[in-house]
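Order of writing sets the chain letters: A, B and C. Residues in each chain are counted from 1.
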Amino acid sequence: MSAGLDAAPRTALRARAVPPPRAGRVKRRVRPPRGLKTFEFAMMAPALTVLFVLSWVPFVVLVAMSFAKVRTLGGVSLTFTGADNWSAVLGDGSIWASWARSLVYFVAIVGLEMALGLAVALVLHQLVRARSVVLSVVLLPMFLAPVLVGLLGRFMLDSTIGLYAKILQAVGLGDDLLASPSTALPTIVSIDVWQWTPLVALILLAGLTAVPPSTLEAATVDGAGYFRTLVAIILPQMKPIILVALLVRSMDAIRYFDIVVATTNGGPADATKIIPIKLYEFAFRFNNQLGKAAVLGLTMLVFSIVMARIFLRFFGDRPSVPAGDGGDRG
Amino acid sequence: MEPRTDAFSRRQLLAGGASLAALIALQACSTGDETETPKGSAGGGDPWKQFSGTAINFISENTSPSAAIAANLAPFEQLTGIKVKVQQMELDKVVEKCKLDFSSGTAQNHVIYADPYQILAPMADGLADLRPLIDSGNYPAVEKGLGDFIDTQLQATGSFIDDKKIFALPYDAPTMILHYRKDLFAKYGPRAKADLGFDPTPSDSMTWQQYLAVAKWFNENARGDVAYGIGAQAKQHDALQCDFSNVLWSFGGDYFEKGQSLGLRGSEEPGAVTVGSAAGVAAATFYRDLLKVAHPSSTTWDWTGLADAFVAGEIAMCPNWHEFAAGEEKAFPGNVGYALLPKGPARRAHIFGGTGIGINANAKGDELGAAWLFVNWATSPQTQLMSLGSKVGGGTPTRTSVYEMPEVKAEEGKSPSKFPNIRTAETVLKAWQPENIGLRPKVSQWVELDTIIFTELSKMLTRGADPAATMAAMQQQMQKAMQ
Amino acid sequence: MTTAGTPATRSTSRLLVPVLAVVIAVWAALPLLWMLLTAFKPETAIRTSHPTVSFAPTLDNFRNLFLGGNRVGAYLMNSLIVTGVSTVVAVTLGCLAGYGLAHWVSRYKRDVAFWVLSTRMAPIAAVLVPLFVMFRSAGLVNTIPGLVLAHLSFNLPFAIWLMSAFFARIPESVEEAALLDGCTKWRRFRTVSLPMARAGIVTTTVLCMVFSWNDYAFSSALSGPDTATLPQAAGALVTQSGIDWGLLSALAVVVAVPMLLAGLAVRRHLVSGLSLGAVTGE
């Protein structure tokens, strides 16, 4: 293996505090400074303070609301009702159905966006002169707010005046894609894929350009084919960046619902009613059901965390306890 | 080092919890029952000018009258010296912002577009009772008195349960009527009449069965000029419930035992859910049959989608809010006709979608007074006349006196018209008669019930669920939501 | 510049790559081009069942967007300010904290890192009520600083975490060499690590801009009449009396153009930033 691989990619999440000792180099570090009174923690302090304020209060209130009946008129007031909200939400069949739908939606958009995003990044990476121009164009969809993208999708697919609808009609696919329960979800998935594949592509392109050329050259000398090189050498090197892309998209895929609201509003026949739409209904449409919204919100948070853990396990570095860093819990 | 870390986070946790408790305690002090009637100190005796210099916010759904007012605020600012900022957005967002605003215990938005079903009924306590302001001598009187407002509208949009309180004054009045293309019926009418044995042109005597037959006839015979005979607003959305309600009521069904009487003042005890009755099932069965011949994209259309399709010439007729008349007139000048909705076995019913504007109960002092002056002005006859003729608007008057103004009367049925929405006035005034109007039950749980209704209907239309099963499922879920 | 593959794949890719690039560009841009055309169409050319490219162009849609009841000009300013400030703050704090996190030695390192990440997973509709009450009592509702802070709630964790991933990729050998040369940690960060993480900074900046520019849920809840941003204009254009697709298209153009211009203005940095990674990876 080339030297490049020794600089093993690490994410902060799985970061080893120190690299494995390398032969022929003098180590000065014996006991690196640790904890709060360090330069590193001072660097983190301002950002962590801001984040703490912004996340802690809402989180505590969320937990409190999930065990209460919440009234909002004339100021928030909570009447604690034990686990009523939890049992109501967990016992609601339509919420489980919505979770199943959300899972399909989630896997479809994250999977497609990762695959297409990698493809786009690889193509862009091969471009030399036109790369910046093509990149500028490709990035544009993600700068339209999702609510605009949803409306644009409706416009393009409108059976009366839509360009895409007319093209589809011309090739014999005349059915209105958003009208039928079987096609509505795939259509929304493809709108989301159109908007967010550029984001995945941008992240992966940044990762791709950071793969040392020496690695690639070594592979070339070995006579490995392009795809073999890709799978065996390039992708493993990009693991931390793939993780970044995966996490970003999966966090947002489960949170955002603007596109659905702007197109189908959850219909037809609930075919596109994903969990965040249910949550919004409880929080703002229905009367005095913020408690249930809080329960759904917390379950969404749990889902995101479990997803993130799974991705970290598969794409993060193996947990290891390098010598001289016994404090790492691994 | 490590113990320090723990201490750090525990202390922060405690601090966070304490500040939260303080926040909630702060919010606990609620507003008094009786609305105050503050007197302003500015203006030197002119009651319109007493709050000069005050700035207030008006939050509204993006409806035509609000667009008209937003574009033409100068007269109010000249009259009162009050600065008004109008924010317009979709109704869902208005509801969201009102809930947030009420939950803070303070008034970010002072004047509120109070949809009777989504804001007034569920959040009546968040709105100020306007009665003390109306009766107070501190302010200019409501011009021509409350009696000038069309009475059903004042009750339906302004009151909730307690008829002594008025939470909002009628601001707009969209109502569903039948819209049809006169040119198409002129061309195909005679042939259709020969085939069907009755005059197919929509009129005040048409029945739902005839409407269905005409729709089929157009599908089979008029494809050259129009893709489908009818369209519907059958997206999984509030619109589907509205479209279906017209049919339900005309078949003799209703959502609750207390029926139409719930539509005016509303109630906390609406009686048993009755939507699963035989009449309800018959209505659902008919509505499904209607959708089988309607434009296939109907299940993706809410009211705007349907109006777009009508304007694009895709359908010959449809029930829709009468306020779409202005846009239709632009597309087919003089060629759009209006009629009452078809008659069912029991009656005919035209769903009423009017809304009033009210004041945030958390508004205080000069802001409260200024908000009241604005509500008073925005619902006055002159402002309604201005809104009728506005380029961006085209609202509908909610006052009898406006319909009787000679300049308004002169425009009825005219094309081109200065006031395109007045083309529908003759039909709409008939639709507002007590025997013709259709009112949703005003209960605080309505949005949840609405969601159940349009979701089950959507399943029936797009997944082929059986009408009887659909109505049974609707009945059962509505009962659960009412508990 | 590096291209992967054997000579054989290189020759196929010479043909294949441009073709694929064109396909990708068309896929991304066609709906936008269509919107661009629509923005200049009169209403009659939009509401027709025969989509057309021949029409008499008009500026009416743009005129209506900026004049009359729509105050898109003010929305645009608010969007530019909020996006600009929140991106700069997020990236600056994110670089500091990301670097700190990447090099911090503590048994709580992973927990802190995961906590940072988890703050970005907040279920939006559920946290709006507590956030609103908090912001309102601090006088932050309907203010630009309030919106900036709200945008930090999702951009800051993102920036910290993305930058720490990029900093962690800088080979230890380079950093250690700097320390051995007698640099202080701060100088090492400023003069060695920061320039080497340029690709990461460029990427992070672009992405923070995207999220801030697009945000609808937080902005619409926490803004007021003085601070509404562009995505809210989109919502406002869906009126009860129909969607004006011409206006909406004009709005989409207004939304996309500043970002296209920004992209083109920094395109040298975008590309050099991204390809610099290749050099530093050596």
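In the analysis below, a contact is a pair of C-beta atoms (placed from the backbone, for glycine too) under 8 Å apart; a residue touches a chain by one contact, two chains touch by 3 or more.
Just so we're clear, the structure is a prediction, and the values are computed from it rather than from any experiment.
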> Farthest from chain C in C-alpha centre terms, which chain would that be?
Replying inline: B
> Looking at B-C and A-C, which one has the bigger number of contacting C-beta pairs?
Replying inline: A-C
> Using mean CA coordinates as chain centres, what's the chain A-chain B distance in Å?
Replying inline: 39
>> Nearest whole angstrom, what separates the Cα centre of chain B from the Cα centre of chain C?
In response: 37
>> Using mean CA coordinates as chain centres, what's the gap between chain A and chain C in Å?
In response: 15
>> Show the residues in chain A shared as contacts by 2 or more other chains, in ascending order.
In response: 34-35, 57, 61, 72, 76, 160-161, 284
> Which chain C residues reach two or more other chains?
Replying inline: 47-49, 106-107, 128-129, 133-134, 235, 238, 243
>> Going by the contact rule already set, what residues in chain B reach two or more other chains?
In response: 1-2, 5, 23, 26-27, 96, 99-100, 103-104, 308, 312, 314
>> For a test of understanding, state which residues of chain A touch chain B in their complex under the given definition.
In response: 34-37, 52, 56-57, 60-61, 64, 72-78, 158-161, 175-176, 178-181, 261, 264-271, 281, 284-289
>> Looking at the complex, which residues from chain C come into contact with chain A?
In response: 1-6, 9, 13, 17-18, 20-21, 24-25, 27-29, 31-32, 34-35, 38, 46-51, 93-94, 96-107, 109-110, 112-114, 116-131, 133-134, 149, 152-153, 156-158, 160-162, 164-165, 167-169, 171-173, 179-180, 185-186, 189, 199-200, 202-203, 206-207, 210, 213-217, 230-231, 234-235, 238, 243, 245, 248-249, 251-252, 255-256, 259-260, 263-264, 267-268, 270-271, 274-278, 280-282
>> Help me check something: in the complex, which residues belonging to chain B touch chain A?
In response: 1-2, 4-5, 8, 12-13, 16-17, 19-20, 23-24, 26-31, 92, 95-96, 99-100, 102-105, 118, 122-123, 125-126, 235-237, 296-300, 302, 305, 308-309, 312, 314, 361-362, 444-445, 447-448, 451, 454-455, 458-459, 461-463
> Where on chain C is chain B touching in the complex?
Replying inline: 47-49, 68-69, 106-108, 128-129, 132-134, 136-137, 141-142, 220-221, 224-226, 228, 232, 235-243
>> Show me the residue ranges of chain B that touch chain C in the complex, using the header's touch definition.
In response: 1-2, 5, 23, 26-27, 57, 61-64, 67, 70-71, 85-90, 93, 96-97, 99-100, 103-104, 106, 108-109, 174, 303-304, 307-308, 311-314, 321, 323-324, 326-327, 331, 392, 394
